[in-house]
Each structure stands twice: as structure tokens, then as C-alpha cells.
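Note that the chains are named A, B, C, D and E in the order they appear, and that numbering of residues resets to 1 at the start of each chain.
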């Protein structure tokens, strides 16, 4: 009993026990299944269907008068407005400046934001000095400062860039220094243990390591940039999607208002998709 | 050589090798230190100092005329305006309605947002239907919809609540379903393996597990709520910090504009601090 | 090549003086190379003058304008749109609900709500002067944007409002609102908009400023004679509307835009004459309401040396 | 209560993970399953516990679960799976609440299982305050609380350092000696297998198949760290698996 | 190049972590440090590598590092510390770049170390595609690339499953046999200690002190899985540490 004995049975060939079990099977019952669930998948067509149904309801409601013309424009009219806009060539006349403003403003805001964020992530004094400042600036509504922006940056493109840059700056800073804080410290210690220079560590370990966090911050920053487009184009903009929307709003022209809003919404979805693609390319190393 | 021998030396009492090493010490050199860094700390006073210096510069600049009165108000004047506001009792007359709007609007937005987010996190069809919708709604600037909000919700408190609720809804949804997705799946499998009911699992595992993500989403949602206060109070508000700022802006009264902005900024910092406190209490279980 | 200047404008018919002067070369004749800068709202335009981004503009007198004048940044140098008897001016509107409830006349507005864009805006001024004249009390609802006020009055959430005719008439046509009076009945000779520039331009750039006013006045004269005195008949009006259509309602087809433009016709002061009495009245109102500093004087606001002063 | 696996096979996304696994898990014994990485050990355990359904074959439970058994098939997970927001006692009461056991009755059970796992002093501690060994003891206590007919353990010790592992093996042996339980014990560690297993099932590399079943008759409480006969078995097992393990370790993953 | 620790002591936030540690690390030998959790093993290794400074005592390096040694004291980390965004070759070239070694010269070194760790086929793979054992082999290759005088290993195998651990121990032994290196090897695992250590230093529980130093003379390449004499040593070590380990495991953490 105190000795172990070696009872080995090659299982590959032996079907014996299996048959035996099957024979005894009347007293057994299969084990109940209780797993699964909690892993929602999203079949693409459902999303499309939801949009189609919503639009159909709006169309039907406005046609039958069940939804008053004051409340919602007729989707088909919005589409017609959009076509008109496209055919008159005005679409690109509005889209062009807006995209330029988005690009320049967001570029400034994001690049300054990332730089400041990295500095905050690396240096104690910068962190101590700027974090409270950023926290105080964050909740300031940019539209409240519109009159000042005119004085500070003029009514040309400058103030529009500045407004968008300002709006994207704060969320980028917050996302970036959070990302730098989250870079795995063992990787940094590894760099140090191999005698890498400070600058090598920042360039080769800290920055790539912070990239996922920075990119996901970019999603938010760019959404905010699009939202701020309207505010920016309150400042003496002739053309631009924001200006178009504002003008439509001031004339209470719901068709054009919605056409403009749809453009912004599409712009937002496109931006987010593009960031998704960039993430998949640049962050292919993530598990 | 092929046999292991047991050479044991009690080290506690023996100081021999130590002295020996010290004696041989002339040929040795201490190992160079190359660690440390990459762990910024933030001494509180630096943050305070930054504010003090910035305000001092503004004061000095406006006094000497180096900064024109059009560009920036004198900080001391802003303070005086603030005192006036406080002494006249108008501060609370403005603050009261604003806080009420924030509270009601954010409460609606956050609670609907969390519910929808949890549903998206749990059910495939809800996810498939609503995620694209939320993505499309996110980039729509709320101010563009102001004229519609008047029709939909009137110019009373309704439209203000609605605007803030609408603005907090989308980021809350996104944060919440992200948080639900991130709940450790082994915990859920554990619940299933002990035969817990679906509802028990949601209540006792999914919701508490998603709480950190929901709370950190709340930070963003509430910051957005404060930012939207100004937009909300564009709609027929007589009193309120946003209305105060808008009026100051339209009268180009920089002192009052800044006083209002400072109030919002303080409000933002306070909200964020309160959430921090709640996190520390409710999420004490986090490592 | 003339002196380069920038002129601020809104896409409203009330800015036609500048459009005509630019299009027909009157500015060029006066030796100016004018670039039009378009704005979405009047207030930023005033700030832009103060910041030196634009040189001249036309807009209503508002609290912000007076504030900037007090800071020594801008000066009113002439008048533009004016309420004149016999020509449709700004209309007083009532919502359908209020109208059905018996508000058929401004005198019945007691206790009703009145839409304004902002506290201390020109709408606010007009509304409170009406209330004063009728001896009634109204509540004023600041809604920031003209579009928001339109929405509010269409859906009956505010009871009354005043607005330029080209917006008032189509609104009334749709049946959602009703015209219950005209502003000129209460504020005859109301100097609705004024020409203004930066204090620096007014003081140091006399030649340039005079040249601008000269060009502007010619444009105004053309506009008045064609649209109000109808000197060119229908053909003239058509031609003028076409000109204006380049700037106003540009994205609508001409047929749709024309009625709106014609409806918007109001007299613009010949030679940018300024009705000083009206300006003084406005300033007084802003001061009594506490919207601007009590120490602002009419001289802070107006430079009377450029145009004919009436009233 | 016995468990029988009948000709179980499975594929994930067309990749065959295991095939034709037929196995008998007798009452009151510990069956260890060893095999190289990715051979389907965890998947097999999920089938046994009803958390997943095999594509071929079936898992049958023979006879009824004994009286008082709240959850016949109970898991112990590698990473403990404790709710970090509940105290030790709270984590145990979690699995009782759904059976309507509350108040004094729950307290009695909790006190009993904590005493059996030597955790009585830590009932109110949060998981973050516990060392790895204590966490796994809490997980074991939680499993004991539902009075399982069969315990399913998926590498329960592999997240612990080797000294703690030694201690926990002793604890498991003493738990089993006082009151024998049925268990399926998945592990990579042949030392654990020979210390705890009555029956050791060796799986081949993916697609997992039973390569050999080794039985050890020596009673658990007489097995000791460094027993020559156990070392012999361990060496034998290692020899069986060495090549497979090396091959499994040199495969590129397609994450 | 020898390393000497002279009366090292340290406290964190007033808590004494270790005291009076005096130790000699002779050239060409592997010194294993074992001890219960939290006794300061990792801290001690950080002191040796110059990543942290002890409060008392000092670490001295005797003699110069040999010619061609780019980084005399080189770490191998428990969690591999590979940059996930660089390929295997890129991770190795990382530590060469700062020494100005690029192009063909770097390639020669990389090819050599990959061959020595049997990774030649995986030069372009990303870390996420590698199994744990391969990852640690990449970390070892990276350490070899800088031609270290002393390798500092902090539980290099503890993140691996026990079969992979066996394989890697064999690899380490064969690396050492072909070209002996000096190493300080921190571990919890007494089996690893007796398989790899020429000298095994046993620390007491916190505050860590040297309790005993055990030497094993049997050459590394003659030590085998389940050698009776090694098992003897291992049993002896375990006996020394058992109580301390149990006490260390039962402490509440104050995270």
C-alpha cells in the first residue's frame, strides 16, 4: 500500500471502457450546460436596419403630418437639400475650409498637447505646475471665450485654428500624460539596466509605449474638434459647414440644418474609422 | 566531483568575510547608479505658484498697459466684480439655477447613459443597433441643434435639462459599455460555474466590475455638462452662470466674463475632486 | 490700386449699401480696394472692429458696441437703416397662440413674454420702449440666436417679438405668427443700424473714412432709388435683386430668393445721415438698464464730424 | 457520483483541438490531467463543468449528487476568480446567496470552511490584502462551501510561487485525507500530478488525445516531497512529454 | 570580475527590508538567492545592478570588466521585459544601438545570440507571437548580446509553466557549460536553485538576513532531474524555509 505501482494503459486503441460506459449509460445523465453569454457580437446589418427604420419613421411621420414640420424636417427633403448643395458645388466650397480648419487646428492642438503631455509625464516640476492649470482650463466652455478670441487672434483663419487647437489641447494633454504614466515601468528599468541614455529611453520605450493611449485620446480630441467647428465658424466665416449650419439655424431652415448636421456626423464617423485603421496598422503589436 | 557536498556556513555571527572584503577593497570600485527617474511627483506648492505667477503677470501687464484693456481684464477688477456679485446676492441667484440644471440634466443623461451602456454591454442586438447610432450622434455639436431644442423641449427648464442630458448621454454610454466589456470574463465564468442566475451575475459581478470605468467616464461627462451649461443657458435663461457669461460677452464686459469663467472652472475642479473622493471610497478594493 | 480696407457685413439686405457700392465700383471710384468680411452675428463684428481686423461695418447699436466705445476702441460715424413712415420697417409679431388668445395689438401684450436675442440687445430696447409706451410690463426671454427666437415664436413659447420685414412677412404668411404692429409706430425715426469704425480710423484716418462714406453713400443712393422709389421700374428692381442675390440667400435659386430680398427693403439713410435723437435715446436706455456704464457719454460713442446729423 | 467522458472531440474555428477522449472519473479520487500547452486541458475541464459544449461525444454524470450538495460540479480557477470588491466572507456568501442561504446558516457554513482552510482570522480582509496562497485558499473555501460532488481545478497552483505551492499541496492533501473528494486536476506540473493524483492522464499535443493513463496507488498522505518512487513516476512522465513540450513551446502563436 | 556586497541594509518608508548582507559573488559561478516572499531578494538584485542605492553598505565590483563587455551588469527580468512593438531582432538591436553598433556588426551579434538560444527562425517575429519560453529565451539572447560580465536574473523562470521551466533550465545549463558566465539568480524555486546554483544563499523573512549559504560542488552538466543528492539538498533547504514561508504567506498586505 505504501508503494506506488505503475498501471499504464494505452488509451488510443482501447475502446473498451467507452462501450462499457455506454452500456451503463441508463443511470447517467448528461452534464447540464450553464456557460455562454456575456459576449455580445454585433451583426452589421442591425445597425443599418436601425438607421433605415428611424429614417422611415421620420419620413412617414412628417408625410402624414403626425410629426409637425416644425419639429423635424422630412428626410427626403434633407436629401434633396443635400443633392442641391452637391450639385451647386457649394458642398465642397463649405467642406474645403472646414476640413482645412479642422486639420490645422487639430494638428496644432494635438501636437502641442502631446508634447506638453509627455513633458508632464516625464518631469516633476512640469507636472506639478501644469496639471492643475489644465484641470482648471478643461471645464471652460470655448464658446464663452469667443469675443476674446476675436481680440486675441483676429477674425481670420487664426482665431478658428486657435479655437479648435485650444479645444483639442486639453483632452490631448490629459490622455497623453495618462498614457505616459501607464507605460510599463519594467520596460523603462530594462532600458536603464542596459545603460540606454535618457533620450533613447524616451524615444524608444516611453513614446511607443504611450502610443495606444495617445491614439485613443485622439479619438476624443478629434470628436471635440468637429464639435468646435461650429463654434469656430461663428467667428466671421463665410464658408464652412459650421457657418452653413449656423446660417440655416438662424433662418430656421431645418432641411439645411439637418443636412449640415449629417455632414458633421459623417465626418465624425469617418475620423473615428480612420483612427481605428491607424491603430490597427501602428499598434499591430498589441495582443 | 560528481558528488554534491554540503558546505554550510552560518552567516549571522561570522563577520570574517566582510572584513576580508573591506581589506581587499582597494582594487574594487562601487557599482555605478543608473536607475531612478521616470516617476514624476508633484509637489503641491508648484501648482499654486504657477497660478500666482500667471495672475501676477496679468495684473502687472494690465496695470502698466503692456496688456491692453481689450485683451485681458485686470485680475483685481475680476476679483472686485466677483465680490460685488457675492455681496449683491446675485452670485447665488445665478449659481442656484445653474447647479439645478447641471444636477437634473446630468442625472438624466448619466442614468439613461449608464442603463443604455449596460444594455449594449450585455445584449448583441442592442449593441449592434445602438453603437453605430451613438457613434453618429457623438460628433454632433449641441449648439447647432439649439433652434430644434426650443421646438422640442420649449424654452423653459426642459430644454436646458435636455441639452445637458443629451450632451452627457453619449460619453456616458461609450464609457459604460467599454467598462462592461472590460469586466474580467473569468469572474463571470466563475459566477456561472457556481450556478448563479443571470440577474445575480449582472448585479453582483458585472455592475461592480464596471464601476471603475463608469466613474472615470463620469469625470468626462460632468466636465462636458459644465461646458454645455453655457449652451443650455442660451435658451431663454434669465439667471444662471451661463446666462451671466453670455450677457457679459455680448456687452463685452471682460471683468464679468472672466468672473463667470472662473466660477465654471472652479465648478469643474470641484466636480472632479468630488468624483476622486467617491472613487477612493467606493473603489477602495482596487489595488 | 486703391487703399485696401475690409468691410464687415452680415448676409442681410440691410447691408445692401456696401454690396452695391462694391459691386458697382463706387468704392473703387473713391480710391478704396474693399474686401467684404462676412459674419454670422453682429456682436463679433463689433469686436473685430475693435481688434482692427476690419475697418468699417454696419450694425445695430448694442450694449457691446457701447462698451467697446467706452474702452476707446470704436466710434459710430454715421447712420444706416432707419424707420421711415410709409415704408415697411420692423414688424411686431405675435405667436398664433397669443393672437388667438386676443393679442391682436401691442397694447394687449401686458404680462406676455417677449423674445430677444440677448439682454441689452436692440430687440430688448425696442421691446421695452413698446412696453413703456403702452404702459405695460412684459418679460424678456433671451434666446441668443435669431433662429432660436423664430423657433420659439412659431411654437408659441414666446408671445411676441420684433424683426425686420423680410423675416416677418414670410413668417406671417405661414400662419404660424401674426403681425400686430410696426415698430415705427412707437419709435419713429428709429436709427436701427449705424455705420461704425475703430476709434483710430475715425481720429487718424480721416481721408480713408471719408472715402468709405462717400462710396457707401453712393451705394445707398442707388439702392434707395431703385428699391424704394422704384426709379428703374421692375427691370431696375430685378437687376438690383440680382446684385444683392450674390451676397444674400446665395445658395437659393433666384426665384426663391427674390421675394425675400424684396420684402427686406427698408430705407437706408442717404449720405449716412445719423438720427442723433434716436442714438441718444438708445444710449439712455442702455444706461438706465445698467447694461452699460453710466459714465459713457454720447461723445464717447459718436464722432459727429463725418455726416449730417439730424434729430 | 462518477463522471464519464464519452468520445469527446472538439474544433475551434476549424482547428481540431482534441479528439476521441474517453475517460472515467471515479468517485472520491483525484484525476490529474497533464499535457503540453494548448493541448485542450482547460477546454476539456470546461466541458466537464458544463461551461462549454463539446462538438462530439458527451459528458455524463453517473448517479445523483449526494444530499446537501449545492453545486455538484465546482471550479477552482488558476487566477482565483475572487471578486475584488467583496471581503473573504463576502466572496463565499456570494455562492450561497443564490441558494437562499443567508444569515446564521450562511455564517455557520462560512466559519466552517474558513476554519478548514485556516483563514478564520481573515474573514473581513479584501482580496487585495491577501497573498497569492491565501487567495487560492479562499477560492478553495468558496468551493467547499457549496459542498461539491466533484471539484474541477484548472492549474490551481500555477499562479503561486513554488514555496507557496508546496504549502498548498500539503493543505490539499490534508483536506482530502480528512474528507475525500472527487477532483479533476489540470496541471502542467508533473510534481503536482504525482503528489496529488490517483490517476494521471497524459494528453498528447494538439489535437489532444489520451496518450497514456498512469495510476499511482500510494495513499496521498504518505506521499512526500522527494519520494524516490514518485520521482521515478515523474521522470517517466517527463520522458513521455519532453519532446511534445519542446515542440509545443516552439510554435508561433497567431494572436 | 567579482562582485562584493558589503554589509548592505535598507528600509522603505521606515520599514526595515534587509540588514547586514555581506556576500561574495565569484567570477564564473552562479549564486542563487532564495528566501520567502518579500524578504528583499529583488531589492538586493536592484542594488547589485545599480538600479537602486542601498541605505547602508555598498556594492563593489572587483577588477575591471573583461574586454568587449558592453554592459557589465545585465538583467534578465521575470516578465521578460521585451518591447512588444519590436521584433525579436529589434529587441536585441535596441541594446546595441546605444553603443553605436549598427548594420552588419549588429547583425552578426544578433545572429550569433539567436543561434545560441535556438531562435534563429524567429528573428522577425513579434513578442505577441511567441510562447512564454521563447520570450524568455529572447530576453536571454538580448542579455548575451551585450556580453555581460555578470547576469542578474530575477526569477527568470517563474512566469513559465513547469514543463517550459524544465526545458529552459536545460538551456541555461548548456549555455553555461559552453561558456561559463557569472550570475546572481533569484528564485523561489528550490529545485531551480539546486539545479543551477554553485552557491545557494538562503535569506530569512523580512527584514532579510543571510541565514545560511549552501554550496553545491557537483558540476552543472552532471546534475539531472531527480538526482538523489540534489533532492537531499532541496529537502534540506525546504526544511530551513518551510516555517518562514508559511509565516510570510499568512501576512496581510497593506496595498
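Going forward, a contact is a pair of C-beta atoms (placed from the backbone, for glycine too) under 8 Å apart; a residue touches a chain by one contact, two chains touch by 3 or more.
Chain by chain, the UniProt names read as follows: A, B = NitT/TauT family transport system permease protein; D, E = NitT/TauT family transport system ATP-binding protein.
Note that the structure is predicted; figures quoted are calculated from it, not measured.
Visitor: By label order, what chains touch chain A and chain E together?
Guide: The shared contacts of chain A and chain E, listed by label, come to B, D.
Visitor: When I count C-beta pairs in contact, which pair ends up with more: B-E or A-C?
Guide: B-E
Visitor: With centres defined as the mean of C-alpha atoms, identify the chain lying farthest from chain D.
Guide: C
Visitor: Centroid from C-alpha atoms only, then distance chain A to chain D, rounded to Å. What do you get?
Guide: Going by mean C-alpha positions, chain A sits 42 Å from chain D.
Visitor: I'd like the Å distance between the centres of chain C and chain E, where a centre is the mean of that chain's Cα atoms.
Guide: Centres of chain C and chain E (C-alpha means) sit 82 Å apart.
Visitor: Touching at least two other chains at once: which residues of chain A meet that condition?
Guide: Those would be 34-35, 70, 146-147, 151, 189, 192-193, 195, 246, 249, 252, 287.
Visitor: What residues in chain C touch two or more of the other chains?
Guide: 43, 47, 50-51, 64, 145, 147-148, 150-151, 154-155
Visitor: Where in chain D do residues touch two or more other chains at once?
Guide: 49, 51, 73, 128, 232, 255
Visitor: Could you list each pair of chains that touch one another?
Guide: Every touching chain pair, ordered by label, is A-B, A-C, A-D, A-E, B-C, B-D, B-E, D-E.
Visitor: Which chain A residues qualify as touching chain C in the complex?
Guide: The touching residues are 70, 84-85, 88, 90, 146-147, 150-151, 154-156, 233-238, 243, 246-252.
Visitor: Could you please specify the touching residues of chain A with respect to chain B in the complex?
Guide: 34-35, 37-51, 54, 70-71, 120-133, 135-148, 151-152, 185, 188-189, 192-193, 195, 198, 201, 206, 220, 223, 226-231, 242, 245-246, 249, 252, 254, 257, 260-261, 264-269, 271-272
Visitor: Within the complex, which stretch of chain E touches chain D?
Guide: Of all residues in chain E, those touching chain D are 36-37, 122, 125, 128-131, 133-134, 155, 158, 161-164, 166-167, 187-191, 225-226, 228, 231-232, 234-235, 238, 241-242, 245-246, 248-255.
Visitor: Touching residues of chain D toward chain A in the complex: what are they?
Guide: Where chain D meets chain A, its residues are 3-4, 6-7, 22, 24, 46, 48-53, 58-63, 73, 209-219, 222, 229-230, 232-233, 236, 255.
Visitor: Per the contact definition, I'd like the list of chain A residues that touch chain E in the complex.
Guide: Residues of chain A touching chain E: 184, 186-187, 189-190, 192-197, 200, 204-205, 208-209, 211, 283-287.
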